[in-house]
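Below is one structure. I have some questions about it.
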Amino acid sequence: MRAASTGLAGFLEVAADAVASSTAELNRLDGFAGDGDLGITMAAAARALKEVLAANEKAESEALLAACGAAIARHAPSTSGTLVATGFLRAAKVVGEPGGGGVETLAGAFQAAQEAIQARGKAAVGDRTIVDGLQAVCTSLQGSSSAGLSLTEALRAAAQAAVAATDATAAMEPRIGRASWVPDRAKGHPDAGCAMLAIALRAVADGAGD
Amino acid sequence: MRAASTGLAGFLEVAADAVASSTAELNRLDGFAGDGDLGITMAAAARALKEVLAANEKAESEALLAACGAAIARHAPSTSGTLVATGFLRAAKVVGEPGGGGVETLAGAFQAAQEAIQARGKAAVGDRTIVDGLQAVCTSLQGSSSAGLSLTEALRAAAQAAVAATDATAAMEPRIGRASWVPDRAKGHPDAGCAMLAIALRAVADGAGD
Amino acid sequence: MPMQKIINDPNAFVDEMLEGVLLAHPEDLRRAQDPRVVVRADAPRPGKVGIVTGGGSGHLPVFLGYVGYGLADGVAVGNVFASPSSEQILEATREVHGGAGVLYLYGNYSGDVMNFDLSAELAEAEGIEVATVLAADDVASAPRGSEARRRGIAGIALLYKVAGARAEEGASLAEVVAATNAAASGLRSMGVALSPCVLPAAGQPTFDLPKGEMEIGMGIHGEPGVRRGALEPAERIAEQLLAHIIEDLPYRRGDEVAVLVNGLGATPKEELYILFRSVREILASSGIAVRRTWVGEYATSLEMAGASVSLLRLDDELAELLDAPCESPFVIRRGAQRPRKEGGR
Amino acid sequence: MPMQKIINDPNAFVDEMLEGVLLAHPEDLRRAQDPRVVVRADAPRPGKVGIVTGGGSGHLPVFLGYVGYGLADGVAVGNVFASPSSEQILEATREVHGGAGVLYLYGNYSGDVMNFDLSAELAEAEGIEVATVLAADDVASAPRGSEARRRGIAGIALLYKVAGARAEEGASLAEVVAATNAAASGLRSMGVALSPCVLPAAGQPTFDLPKGEMEIGMGIHGEPGVRRGALEPAERIAEQLLAHIIEDLPYRRGDEVAVLVNGLGATPKEELYILFRSVREILASSGIAVRRTWVGEYATSLEMAGASVSLLRLDDELAELLDAPCESPFVIRRGAQRPRKEGGR
């Protein structure tokens, strides 16, 4: 499958730009339960991704995703960077397989990415991580695929699911820190990694609608 | 000469209390050109002085001043503490000499203290130190002595002279720090050691008036 | 951007720091192909187990500062508070491998674990035997029963010391792992933060901590602790940290320990000794004997104010390994033998 | 009182700190009769020139931290930023006098000078020969021509090293003085402050320095410097400090120097190395060769943020004295001989 100029590469570009322009917000969210660097890390990932896109204009989807994964692993090896890289690398394999294309392929790619990310990061659904967002996105995409929605419709639904999942993390306990005596700093704020996923998907869905 | 209960010991007590209750202000003034600890140091000197007073109720003036000097040297050995101790030790010798008593003795004691302090600290008049205040006080006391003023009148005049000398230091350059390119932090603020002398003398003069 | 830092481009923070370190210590350290990979000048040491560490920057002397004699052999240096890449860890691994295998010794943070694990797989594929020991000493980072989720803080200094001394003796990888695991299993730490720190590339404190407050159990990146409240005296702080630490292992009456009181960055050494004074008093009244003492900055968080306390339960073997000499540009211990007492050296 | 400090009673700051230090390092240090007087555990060393230092607290490792092998023998510890008393200095003098005379080596601050001078008179009256060398390395504290009025800052670390090494060799008091004076005359320093510090007993910063500003040339107690302005990049800071330092001595093309980059307290080591990187670059382009490098916290001002740079012009003798080993609980240098390079130690 060849990456259409407005297709995969275009989506990745839009997602990268959206994430990069949310640097301060992602730092802020990561600061409540973590170390406040998610925006910095993801900006580095976005830069790496855009360099790959520029250097691989004619690449197949499989090669493109694999190159993105490798670049992110090299240039943004934080927790989230490594996990996102893992997701890209595994998704690359899926899009390389023969299959239905369109929404079905997208659903399969996200499903594979989620599995790989969970295998690597050992987080379960409900642990207040990006995995919660991925889970919601996968469910949504599978539903859209079964229902025969268009790619644009599926992306919109997936973005909405990611936003809702992000909002839901605001009520969850982070797994680190005992927070036994006083309310936790993170309570009431969504997980930063989940928010990053939602920002990326919303931008892609908005762009797809043009 | 025996220290009257309302006499020397009383004056010293009043001065110590006044200085101790100006701790924050003296720290603040010392902070503009120095290290911001003059109040702390002088509070320690005041504590030492009051312990001496309590333990030496019946002492002669000479012994009392000498004990004060020794205690301050031990318990408040900063620049100002060491200088004040030096002044006390030298003044003790002067009040032990036979002489006129009253304003004349007071003038002689301050004169001796100033000389000793300058010998130890190597500061000249105009260097923006406690020496500037002492110089003004000595000049005032000598004038009062020649004019035959009462002790209370002489103390009032001396206190006024100390306050005026303190105000004048606000316009002087400190000798340390080049302050070559921008206005100095200390400009416009009086010297802290000088201010301490003025606070002590004003309290004594006020008390003497009762 | 009100950031009171002596830096140039915030994004060059790590690389310029590394340049400075290598310029300052050319006899001790050298860089590998990747400028973020630094090893002992004499690496690899044939026949010696290599020790590789690494993690995010902003914690000097952790991690880079523990590359030296009797400590670690190589380090992969990440961005501020971010893991190095698996490629960098792999390069450090190759550089220090002297034929006797390599120990990965680092803090239990998810990004680091993933990248070290990935590197370990790649190294094994190249025929380099790799074993891993994690520092997970922060009792505040996860409750009892979830020890494996705990993060590593300043106690790692004592693990470097133990692992490095054993490796320097010529022990096998299994022996180095055994000693380091023995130390890690008797190591517990907890900290208190009095101010946040500012990541150079972010320019903002990662969280608010109003003056007059402290957060007990805060992580070295500012991860939430167990309690935030009014700043208390050093004695009360020592009591609270030790209460958590002692009951956690637990350390018992009759135990002998090494104590490490660590400054997080902005807290003066004077305060660390005031804190140590209380720590020692409380341990004495608990019947726990202090056999070795480390007070200073062993793992920092940029300019964060605060401190942590670590206890390491000692047996004779661990005490001896702690007493061996070590030397890096950042951490030197001459060792317990004090020849000058016997009349000059 | 918004003071982010790990302390108990602010007025017990110095005494509790000292208790902590003595509890932590009983094999290295002992106190004299007066709890504010601390000497090497093995003092007095018969036949060796004793070195006594002292001054206000709040500057660790200055002054207490330089009591050790190859450094100073005893210290009189003052209150925060305040001189010790002449009695305390005299007691330190007696404790370290091994029959070969005593060197007073401390910073040029009026309170300290008066009390050390007084003690010297009393010691001489007891038959102890005393000589004095002052650290007066801060070029910002008084202009050229008024060198005698200048204050001592972090450069004193290098003077301890030189004096201590010479004394440890068994040199006479005159020889120790000569070497120390030779070092002092080629030593220049200057600092930059990025934040004030808070005296425990005062509870307030001694001055305001708004975020985004710096003060070049500020003293280690916050005495006014030569210029306040917007915070600049590390490279610009290095340029300005070195411009003043180099032209002052002056250091010339072809000179060899030791460089000391010192942190004032809150500034992370990472930043010190970034600063060193620029210092080294500028020196290289000025034809001045860096032969020895010290980067770290050698003289602090509580939790003040900032750094200073010191240059010491070297000849062979001074380089050799700098290279000798030294060891205190705070400052260790193993010396230039590196036996492990020749195959283990």
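We call the chains A, B, C and D, going by the order they appear; numbering starts again at 1 in every chain.
Definition applied: a residue touches a chain if its C-beta (ideal position, glycine included) is under 8 Å from a C-beta of that chain, and two chains touch if they have at least 3 such contacts.
In this text, all values refer to a predicted model and were calculated from it rather than measured experimentally.
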item: Shortest chain-hopping distance from subunit A out to subunit B; value: 3
item: Reference subunit C; chain at largest CA-centroid distance; value: B
item: Separation of mean Cα positions, subunit D and subunit C [Å, integer]; value: 28
item: Gap in Å, rounded to a whole number, between the CA centres of subunit C and subunit A; value: 33
item: Centre distance in Å when subunit A and subunit D are each reduced to the mean of their C-alpha atoms; value: 54
item: Interface hub residues of subunit B, defined as touching at least two other chains; value: none
item: Multi-partner residues of subunit D (each touching 2 or more other chains); value: none
item: Chain contact topology (line, ring, star, complete or other); value: line
item: Which chain pairs touch, all of them; value: A-C, B-D, C-D
item: Residues of subunit B defined as touching subunit D within the complex; value: 24, 27-28, 30-37, 39-41, 44, 73-83, 86, 120-121, 174-182, 184-186
item: Subunit C contact footprint on subunit D (complex, rising order); value: 1-9, 13, 16-21, 23-25, 27, 42, 57-58, 60-61, 65, 69, 192, 194-195, 211-212, 214, 231, 233-235, 237, 265-278, 280, 293, 295, 297, 300, 302-303, 305-307, 325, 327, 330, 332-334, 338, 340-341, 345
item: Subunit B partner contacts - residues on subunit D that touch it in the complex; value: 78-88, 109-111, 114-115, 118, 140-143, 149, 151, 199, 201-202, 204, 206-207, 217, 219, 221-229
